[in-house]
Amino acid sequence: MIIYKKQITVESKGKTPTYINITDAVKEAIAESGISDGICTVISPHTTCAVFFEEYAHDEDENGNESLQVDLNNVLEKTIPDHDSAETFVYPGEEHYQAVESWPNAENYLPGGDRTALWNGDAHLKATIIGSSEVFDVDNGKLGVGSTGYIYFVDFDRTRPRQRKCKIAIIGE
Amino acid sequence: MIIYKKQITVESKGKTPTYINITDAVKEAIAESGISDGICTVISPHTTCAVFFEEYAHDEDENGNESLQVDLNNVLEKTIPDHDSAETFVYPGEEHYQAVESWPNAENYLPGGDRTALWNGDAHLKATIIGSSEVFDVDNGKLGVGSTGYIYFVDFDRTRPRQRKCKIAIIGE
Amino acid sequence: MIIYKKQITVESKGKTPTYINITDAVKEAIAESGISDGICTVISPHTTCAVFFEEYAHDEDENGNESLQVDLNNVLEKTIPDHDSAETFVYPGEEHYQAVESWPNAENYLPGGDRTALWNGDAHLKATIIGSSEVFDVDNGKLGVGSTGYIYFVDFDRTRPRQRKCKIAIIGE
């Protein structure tokens, strides 16, 4: 039994949720691991991002989102509206604004001191519902999914473009 | 530390989501593994299926669905309507239809060339929200859940009956 | 490769969902494990509880719920209303009531024989949507999350205060 770990970096574009098909990166990590039989966990370390398993749908909209991603956005927005005013959500409250403003790296979270940069409550709630991790099968040295199955990392945070990390851990023999 | 893996097969009936109580199969796999302390991951390799943990509720409706399953169907349908027209979802688009039609096994996905066989966007979205995997405790050689806890595999795809796979991986010592 | 397991106990307060920040307990378990590189799974063995990854939001309401927790309650209640009448959900049906009444420990589930103690269908459905487990990264002996990431255990069951268990399993080397 061994464990093989890898961290990949992805770019989110802001304005709308960014969906990234990371299936090839996961398959590459499995190949590098040399593990034949085991499991592969895929993990988001960011609280506004999530990991999920979905079909690759070929048609894309003008933002480069596949049809099932547009549909998922539409479905989630029925109960989680875009965070575009101070009244949309209770989050972030006065104490949270002040806490973030006191951080040494506050500029990363509040560029130019603009408090609306914390209006990402929609992203936090969507990520909680989709979930931060998923476990996959590793079978005979391959990702054990059907021919239509792909792994997606999503950054629901629309406030700005960012570099995001995704962690892959493969355990087996 | 060892890993023990098993794949089980279940039958879905189409028309409505099919819920299958797989608790006994998971317990059997744990017993076969000989693992005393560890974790057990249960994984759907299908993008319209999901795995979750729920109480066994005794009352069933005319489709054989337990009360909590009927309630879950009702709740999910509030934001994810049945995919019963070309307008319900953006998915599947023209490129996706054509891609599937070009597959060597196209007949499996589009029996008789009927494009409505791809009207399972509801199932894709529900499966994404419920999640494709769940991890359970293995404690003293047993599934580490309370007396009211059961493991369910659900096929949300209503388009047709199908044979589905579910993967179980137990890791421990 | 070793596995280290720990069970923690938390108290839920009833009336509203109880959210508990268990990040320090998870970090303590990782330190105790001596594992440097691996994964950490956090598991609820209760079907009305869930585990998720979220930012710590500083502001609290009168029930001690952080702003993002109030927002999550509000979002989930849009499709899953409080179970406050026999008509809210199909669950629990007559057979389920009778089954629970026949259990040797029925008094634990139906204190004083009050059937409304089973009106926790809302909690079952919310827990299914959020999920019973999540996997985290263990990197260089630490919980591998960003500085704003925390782990929460939630008991959605509002029917009464209870002691709940949460299971932590760390695998690695």
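For reference, chains read A, B and C in written order, and residue numbers begin at 1 within each chain.
FYI, a contact is a pair of C-beta atoms (placed from the backbone, for glycine too) under 8 Å apart; a residue touches a chain by one contact, two chains touch by 3 or more.
Bear in mind that the values here come from a model prediction, so they are computed numbers and not experimental data.
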item	value
If a chain touches subunit A and subunit B alike, it appears here	C
Same-residue or different-residue interface between subunit A and subunit C, half as cut-off	different
Separation of subunit A from subunit C, taking each centre as the mean of its C-alpha atoms, in whole Å	22
Where subunit A touches two or more other chains at once, by residue number	1, 79, 129, 131, 135, 171
Subunit B to subunit C touching residues, read off their complex	1, 37-39, 52-55, 57-59, 61, 67-68, 70-72, 74-76, 78-79, 129-131, 134-137, 139, 144-146, 148-150, 171-173
In the complex with subunit B, residue positions of subunit C that touch it	1-3, 5, 41, 43-47, 79-80, 89-96, 98-99, 121, 124-125, 127-129, 131-133, 135, 167, 169, 171
